[in-house]
Amino acid sequence: MKEPDVLVVGGGPAGMNAALAAAESGASVVLVDRFAKLGGQLVKQTHKFFGWADRGAGARGIELAQKWSHAVLAQPQVETYLGKEMIGAYRDGIWLVADQEKYIKIKPKRTVIATGASEKMILFENNDLPGVYGAGAVQTLMNSYGILPGEHYLIVGSGNVGVIVAYQLLQAGAVVRAVIDVLPRLGGAYWVHAAKIQRAGIPILLQRTITGVYGNQKVERAETVGVDDKFRLIPGTERTFRVDVVCLAVGLTPLSDLLFELGIQEYYIPELGGFVPWHDQTGRTNRKDLFVVGDVSGIEEATTASLQGRIAGLTAASDLGYAVDEQMRRRLIEALAEFRCSTLSQNVCSGLDRLAGKEASQ
Amino acid sequence: MKKEWHVYLACDKIARLLVSLEMNLVCFQTLERRWPTPLRRIKIHPILTFPPKPKVQFFFEGEQMEGAEGEPIAAALVANGISTFRESVDLHRPRGFFCAIGNCSSCLMVVDDVPNVRTCIVPLHQGMRVQVQRDKGVLK
Amino acid sequence: MIDIDGVPTERDLKNSAPSEDRIRRKPVALHECYQDIPCDPCVYSCPVNAITMKTLISIPEINHEKCTGCSACVAACPGIAIFMVEKKDEDGFVTLAYEFVPLPAVGELVDGLDRRGCIVCEASVSRVFSLPGIEKKTKTTLVRLRVPPEKVMEVRFFRRRVQA
């Protein structure tokens, strides 16, 4: 049995930074990720990130993934279990990690959960037909493995994920027919991201929804229809797109199965993507030894995830009596607040406020 | 050249007008063919480089195919143009790639006689035998 | 409409566009960033401190008089929302960040596209370059297009024509 100070579940931006912060403070850390490679979803982000120039803004996600994963692997205090999956959490504090061959028991003093999010699905006819992809899956295929799953694409959802995937598809040489969204205005995409694809000729068709995909054993065409202000379908506005891939970018929901298993207090906050664990500003849940950071604590983005990870890592280390740079921790909390000041984070902030107003049951 | 250009310009204007009117895009689609048709495997990319990996042979439903060593089995199948990975258990509807991160179970296949292998995260190796899974899977 | 689909209108553009007189003098940067994104690399990229922001989430302000037209911010902007415009005699020039391959050749004739991807004019590629430092790191290439002078505030992208 392993008995590290801190166990980190998930090796994305939040998890890697939590591991680094805890290890740099002197704690011993075990980091588990089910992929063979660190980086989480950063490894497929080819666009440049926003943020502070002095905190690495302007770097592409893939570069950040590399930087942080090198740091984690070079850190002697961090033991990484890659390609291994967290399959169970027991009430006596033991976590079970497994790969194809064996189980490993881990009994940490503090645990940081950074499992991220999974993609949402929407209803339409034949939505299980091969050729209907999660937008993240197309990103993974194209940016991690260099494979395009089709030639012509329709993207459903005009949030940042949808428009960024459209841009990345263009970069990879594919044809994107359109980005559609049922809302009367952009579904959360930053204006500059939306402008980027429209000037390249990809139309963003608002107030339009997908009603079905059809084809012989795989998607050959997608049917869409316009909707009115009350989301009622408008007959006569049907339009067919001849595409072989439909990318769904209709939102993310926290991947909190592990937390549910543990009986962590969760609340339904739609602004944060669904059921989210209650947590304070350091990420601590109603179980004192358990922290949540990154998308699992509410859907946001990579910069805030990395800050959350740092804060939780430092807090976990200070819990255990390691000397932690308190000033740095305060600065990180301030930076996180500064980042969320923007009107673009309004939704997230109101969600977090609602969450903070809820009780943390013991 | 100059004349062609004017014709093209006019065509594009009409196409864009049709787009703005949300009409069906016959003209627009013919224009779109100006983009080069992509190959399954990306050859050039402005940001990323895909260093060539050693090629391996594997078998899908008995048919020999080629993939790159270590890439997920499902990725190699997509690169070979395969879209159906499994069938739904009751209605036997085709299922393909969906999430790519081991969450959704849409890509469960029989690999070397082991059922329920999440092919989107299991690496490909030389000589693997991959089959479409049509039931819940039986361990032999 | 910018708050509907993110494409700026003339009214939005008025707020950030340099004066006609300034565009005639020498190249000048303009941004089309109208949302309070928490982002500031442009401020730090400018060698003459012509770009300022009150806080991280403010909208950048470019001092067009200070701007020397060096293009560093065009390459640095993560949102690809900064452009360089110039009018010289009978020609207009637009410099933009281009993240696609293959790169066009100098002298190549391309379609100049506006903010909605509609073709507005024929453009020719006058320069394809990258600045040492910024682009080496981020692999952003800059392309300078020669366009009719009245189109410098319209052309924001281009499309290569199919090679015969």
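By letter and in written order, the chains are A, B and C; residue numbering begins at 1 in each of them.
Just so we're on the same page, a residue touches a chain if its C-beta (ideal position, glycine included) is under 8 Å from a C-beta of that chain, and two chains touch if they have at least 3 such contacts.
Fair warning: this is a prediction, and the values are worked out from it, not measured in the lab.
K.L.:
Taking touching chains as linked, do they make an open path (line), a single closed cycle (ring), a hub with spokes (star), an all-linked set (complete), or other?
P.N.:
Basically all the chains touch each other, so complete.
K.L.:
Once you count every C-beta pair in contact for both, which comes out on top, B-C or A-B?
P.N.:
Comparing B-C with A-B, the pair joined by more C-beta contacts is A-B.
K.L.:
Nearest whole angstrom, what separates the Cα centre of chain A from the Cα centre of chain C?
P.N.:
Chain A and chain C have C-alpha centres separated by 31 Å.
K.L.:
Suppose each chain is reduced to the average of its Cα coordinates; what separation in Å results between chain B and chain C?
P.N.:
The answer is 35 Å.
K.L.:
What is the distance in Å between the mean C-alpha positions of chain A and chain B?
P.N.:
Here chain A and chain B have centroids separated by 23 Å.
K.L.:
Spell out, as numbers or ranges, the residues of chain B touching 2 or more other chains.
P.N.:
Answer for chain B, listing residues that touch two or more other chains: 44-47.
K.L.:
Which chain A residues touch at least two other chains?
P.N.:
Residue numbers touching two or more other chains: 60, 171, 203.
K.L.:
Quick check: what residues of chain C touch more than one other chain, meaning two or more?
P.N.:
99-101, 116-117, 139, 159 - these are the residues of chain C that touch more than one other chain.
K.L.:
Provide the residue numbers of chain B that touch chain A in the complex, in ascending order.
P.N.:
Residues of chain B touching chain A: 19, 22, 24, 29, 32, 35-42, 44-48, 50, 68, 71-72, 75, 78-79, 83-85, 88, 93-104, 106, 120-121, 123.
K.L.:
So in the complex, the part of chain A that touches chain B is made up of which residues?
P.N.:
The contact residues of chain A facing chain B are 34-36, 46, 60, 62, 118-119, 128-134, 136-137, 140-143, 145-149, 151, 171-175, 177, 203, 205, 208, 217-218, 226, 237, 239-240, 242, 255.
K.L.:
Considering only the defined contacts, which chain C positions touch chain A in the complex?
P.N.:
The touching residues are 2-8, 32-41, 43-45, 55-57, 76, 78-81, 99-101, 113-117, 134, 137-140, 156-157, 159.
K.L.:
Looking at the complex, which residues from chain B come into contact with chain C?
P.N.:
5, 8-9, 12-13, 16, 34, 44-47
K.L.:
Which residues of chain C touch chain B in their complex?
P.N.:
Listed in rising order, the residues are 99-102, 111, 116-119, 122, 139, 141, 159, 161-162.
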